[in-house]
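Shared chain: chain A. Partners: chain B in the first complex, chain C in the second.
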Partner chain A sequence: MPVLTRLASALMVLFVVSAMIFALTRLGGVSPARLVLGADAPAESLAAFEAEHGLDRPIAVQYLAWLRALPAEGFARSYVTGQSVNQRLAETLPLTLELVTLAFVLAVVGSVALGSASAYGENRWPDHAVRILAMAALSVPGFWLGLLLMRLVGVQLGWLPPVGVIPWARGVWPHLSSLLLPALAIAIYYIGAMSRLMRASLIDVLGQDYTRTGVALGLPARTRYVYTLRNALPPFVSMAAMSYGYMFGWAVIVEMVFNLPGLANALLTAIFQRDYPMIQAIVLLITLVFVLASTAADLIQRALNPRLAT
Partner chain B sequence: MSALSRSPVALLGLALVLAMGLIALLAPVLPLPSPTATSILDTYLPPSAEHWFGTDALGRDVLARTFWGARSSLAIGLGIVVIGMVLGVSLGLAAAEAAGSLFEELAMRLVDIFAAIPVLIWAIAVVGIVGTGATQIGPVSLSNEAKLVLLVGVLFFPGIARITYGLALAELKQEYVDARRLPGTGSAAILFGDVLPNILSPLLVQASVLVGIGIIIEASLSFVGLGVQPPMPSWGSMLADSKQTVFSGEYWLSLFPGLAIFLSVIGFNLLGDGLRDLFDPRRRTRLPKETA
Partner chain C sequence: MDALLQIEDLDVRFGTFHAVRGVSLHLARGEKLAIIGESGSGKSVTALSVMRLLDGAARTAGRILLQGEDVLSLSASALRQMRGRRVAMVFQDPMTSLNPVFPVGRQIGDVLAAHTDLSGAARRGRAIDLLAQVGIREAERCLTLYPHELSGGMRQRVMIALAIACDPALLIADEPTTALDVTVQEQITRLLVDLCRARGIGLLFISHNLDLVGEFADRIAVMHEGRIVEMGEAAQVMGAPRAEYTRKLLAAIPRIGLPGEGRIPDTPVVLETRAVSRAYPRARSAVARLWDRRQVQALRPSDLQVHAGQVLGIVGESGSGKSTLARLLIGLDLPTSGTVLLQGAPLKPRDRAGRRALSRRIQLVFQGSQASLNPRKTIRRALSEAMQALPRAERRSPGALMELVRLDPALLDRYPHQLSGGQRQRVGIARALATSPDILIADEPTSALDVSVQKEIIELLQALQRDLGMTLIVISHDLGLIGTICDRVLVMRAGAIVETGEARQVLTHPATDYTRALLASLPKGLAGRARFASPA
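For the complex of A and B:
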């Protein structure tokens, strides 16, 4: 049952990560009570605050209580802002999901196109151009590219909104156009990495005997393209699925650049307010997406390549 | 080194990396203004003969800040990889040597778990929780930069451990290893004396690429205010400052620190790519084989 083992290990990861984050928030730094009540709050009110929120119990007990409440109630109320963590996540997660999904689409479409152009034109100018482009894409910090695009495309040319997000209510295109630059800033690294993989994988398939036989027998170019692409896909699909999880990390930085009210905003605000329940919830949520993405990558890999399934 | 001359890509990468390294090393002795000296009369000056990269909102010299920024960026990027390499290589070698044991199983499970943690989010959250600024742990005082290197470096170990493990496992099956064991040579001597030198090339390729990622992570953390703390210059925090000028157009504030990151990272990536081509025997003999 490789699928079950895979899911079990995914669950294990979530436990370990949540426990580590929990331990860090409790061990490191200052008591939340001190942060909420201020530097000169008397000891009695600090103790009362800790007792009220269960912060005076041993860490392990606190962790288990937190874990037990998770399935039924979700995340607790933040004791810094008094706001429900569930509600804050519900407000900020959709935008980040949308942004990352758009970035994912850009990365997949861009890298399949560039990787194919490169492989089918191996050692000719399209190949050289794509390889230089891919190397640059791998090396440019996405948030800097975001700043440059914001200045050039957003402010100077005025083609796309430079900052913020336009709500769905004002139309699909205005909404998507306001997310295009940040999505590109997130996607750029993966366009580079995935088009390199696509190229290598396609060149490998194109060099196989069955491809040469097909070409020798007069296989039309379009059919050849479809067949070779299909066979070159497995490693690409696996990397693409992984990248979906990674993109959440970069989204945090890029949301900052473009002033987008997504998860990044929630996370950074929580960090500067030392809002531990909020930090825990967001890190766990992103780890969950990440673990789901890598589990999906694994399962898709197995489905595409039955030889791995045993 | 002579092998490097056969790969123009690796040479270009090496040149960029060395240039950045020299800038970092020489920043204190070059005739530059202080990177932290403010001047109210010289704010937002465009690039000129006097200020090659212009000045920022506080009248500080952007060239000096970019050069000084190389110090923290490169040191942190390298430091992260050194921590990751020390942990990853040791664990990978030990797990390969203990193949079939409970230790191997546990070690590789641990690697799986740590590999499933998204690095950037973890770095932001952990640095955010632990806090910026120096921390006292027992008798040791850790600077903010040292803490950052440790916290992020730990997350670099799983990838390195996996690669080391795979390579070492294959290497340990070689006959010369058995020959070394016969006279009673210890595990540690074989692992570090024979196996490690033989698998070093692919590890160096990996390390080179990881330094590039380390530099971007440092810049990202500094960009959100969790990395190098002001007034010390860092490329990431310079870019964060430059955000205010996106609408007013003082392009030099974002152009130069961004280019510095880009050139350093592309240097390490090219070096890694070039080394990979050199070390990979399949590619080295590719041309004659295909014509045969």
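For the complex of A and C:
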């Protein structure tokens, strides 16, 4: 039952956000007709364009029509390119999803490892070393680091392709390796932030009575680590889930820097062109990712913490 | 000599704090040794040193020989094998000492996996055996339960099962029953004693409660300021104490002493409840409440009368509804049904004037004055703020309040953490007296304090009640405290009042089985040895 409640509220959020996005994209003041037809277009053709695309109707009516069409037809066509938005998404979404997911995996693995090293070496050299790394990661902009990595690893050392993406067809490793640098550029900030949280959470759990019980019972170090980590994870899971959503924002910059034809690229183009259907579709997708991530986080929390399950 | 544990000249320092100063003791196989002391006496530090569980800041000197081997010089891996296998420990608070995210079965299984080479199925079987041995019915079902699904007593049983899982030769129990209700306390003590007897386990029992250990310990060591001030046979330490400090401890134990001649003046009712009840929704979120309308009945409809100038004791175990009742009496919470009447007029805590008037009539003394005093405010500010509800002319000086509770006004500019526990509790009482209330409610006023300090606080409350002619309501789980100071007693259980009457009547001729059980489970020192003489 709690799971259903959670899913229902996630659906509610999606509805509200979609309505807000719909309204906001139409409050820009400049009609898309003007952008598509040019500054000199006569008023009649502007009106005709608006009528053709239903832009002359009240926003609420437009929204309902859009909502009604969504399940059957998906997103509409772009005003600007006339291309199907569905198709454009199908081309660009997978790459961004891969990029962000790879960055997410790097961030989680990196921050658990560094956070653990830091917590177990509290106030000794591993802790200091990780703290310095984390501060650097938090303060250096990811895209700048991306450029440095591109130059060093991609150009000078030649270990990984510096720009662009190698298609799956050329093999799994070449494809993933071409995404590794941009993913790292996104992940680095989150490794910094999440490793600090992991450290704090672990130190808190290490000071709990039940940790002492584990020592007193002579449990081996590996078992004790599992005990500790399981208790330290909940705040980390919440933050990681949020980060997964935020990473789509970073992807905008990183895709530009590394010249990747992903969703972020498509979004920027659409914004410059006032391409309403496209903007709406992409922002809604990113919202969906956020909502799914936080729902997933909640469900994982329930699984991790038996006290929430009832 | 057949020494299981031999501690020689143990010395532990944390920075400049000298926690344990030259402690020597020994424990034979199957022997039960109790270490008694107040907080800061070094008793827990001594126990933790045996397992080498002190944190890195501790500097330890001396020798701790376990079956002839020096624990202080063991390697990390030898130490891990020793812990849980040869020595095990049961901690004070079973709420926090079990891992909250794994089921009981897994936690026992992991201990067995750490020290034996039993297969998974064999570990499961052994876990069921162990749970049965610690008196858990439905042991198999218990394997799948999480700690939060168990009662406090059950959790402590599970903790004991973990401790004895690998047949240790020595069991250390650090205040194992302090966090539990009296009736459960007796069961758990009994279980520990019986298990150790049956298996020949040496028991090192750390406690602040002399009456409790007097019932079963072979020998008792009394610690004070890091030293053992007296050690000997239980009968000698309890019956003919040699050390001044032991005598002081024994004298401070609140025992049911029957107050006065028992002539309770007939005075009018100042505070009463009429069919007052309080229920809480079970579901946590507002959405879940839409379909889950079940309620938890914290207090069933109850009637009680408080007579002016008397001391009423409300006694009950955790979950009995005694604190809920107190919150309703002072208007911190509103009843689901029924009314609270203060001198015949209903309380109006939600209306501003009513709240203000109420604060001048009834005040509350909290259990933990550590938590109820703002750590960032001086005592002077805490006391001044308490008087803000009064017109300026009626405000007293903070110094006068301090004198009322026999504290040096020089302490006014200190912060709460710079005071001792007893001093803080006095400040808590002074703050409650700031508005000169005629009714004072003290919720577990002594349970966070050491025995000798408890006695001082009890005496202070008694004196204040007598001198100021206040009505005092004392809420406690401690029958000893209730029996010491109360005129009337109200016994609560599971949200209902089960018995009420004059203290002497209720405590000597209880009318209900529950009150009888409560009285029977009180530790009785040497007088209670008979019940531990043979296994139950």
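Following the convention adopted for this analysis, the second predicted complex is superposed on the first by the 301 of 310 C-alpha atoms of A that agree within 3 Å, B and C clash if a C-alpha of one lies under 4 Å from a C-alpha of the other, contacts with A are read in each partner's own complex, and residues count from 1 in each chain.
Throughout what follows, contacts are C-beta pairs under 8 Å (C-beta built on N, C-alpha and C of every residue); 3 or more make two chains touch, one makes a residue touch a chain.
What you are looking at is a predicted structure, and each value in this text was computed from that prediction instead of being measured.
Engineer: In the overlaid three-chain picture, which partner chain does A:Ser9 touch, first (chain B) or second (chain C), both, or neither?
Structural biologist: both
Engineer: Chain B or chain C: which reaches more residues on chain A?
Structural biologist: Tallying touched residues of chain A, the top partner is B.
Engineer: If we overlay the two complexes on their shared chain A, which of chain B and chain C does A:Tyr120 touch? Say first, second, both or neither.
Structural biologist: neither
Engineer: Using the superposition on chain A described above, determine whether A:Phe49 touches chain B (first), chain C (second), both, or neither.
Structural biologist: Neither partner.
Engineer: Between chain B (first) and chain C (second), which, if any, makes contact with A:Tyr63: first, second, both or neither?
Structural biologist: Neither chain B nor chain C is touched by A:Tyr63.
Engineer: Of the two partner chains, chain B (first) and chain C (second), which one does A:Thr25 touch, if any: first, second, both, or neither?
Structural biologist: first
Engineer: Considering only touches as defined above, state whether A:Gln208 meets chain B (first), chain C (second), both or neither.
Structural biologist: second
Engineer: Is A:Tyr190 touching anything from chain B or chain C once the two structures are fitted on A? First, second, both or neither.
Structural biologist: A:Tyr190: touches no partner chain.
Engineer: For A:Tyr246 in the superposed arrangement: first (chain B), second (chain C), both or neither?
Structural biologist: So A:Tyr246 only meets chain B here.
Engineer: Thinking of the overlay built on chain A, is A:Ile286 touched by chain B (first), by chain C (second), by both, or by neither?
Structural biologist: In the superposition, A:Ile286 contacts chain B only.
Engineer: Taking the two structures together, which residues of chain A meet both chain B and chain C?
Structural biologist: On chain A, the residues that contact chain B in one structure and chain C in the other are 9.
Engineer: Going by the contact rule set out above, which residues of chain A touch chain B in the complex?
Structural biologist: Spelled out, the residues of chain A in touch with chain B are 9-10, 12-13, 16-17, 21, 24-25, 28-29, 135-136, 138-141, 143-144, 147-148, 150-151, 154-155, 162-163, 245-246, 248-250, 252-253, 256-257, 267-268, 271-272, 274, 276, 279, 282-283, 286-287, 290-291, 294.
Engineer: Touching residues of chain C toward chain A in the complex: what are they?
Structural biologist: Its residues touching chain A are 51, 53, 80-85, 88-89, 91, 93, 96-103, 110-111, 113-115, 146, 148-149, 159, 162-163, 165, 285, 287-288, 291.
Engineer: Per the contact definition, I'd like the list of chain A residues that touch chain C in the complex.
Structural biologist: 1-2, 5, 9, 208-210, 212-220, 223, 227, 230-231, 304-307
Engineer: For chain B, which residues are in contact with chain A within the complex?
Structural biologist: Residue positions touching the partner: 109, 112-113, 116-122, 124-126, 128-131, 212, 216, 219-220, 223-224, 226, 239, 242-243, 246-247, 249, 251, 254, 258, 261-262, 265-266, 269-270, 273.
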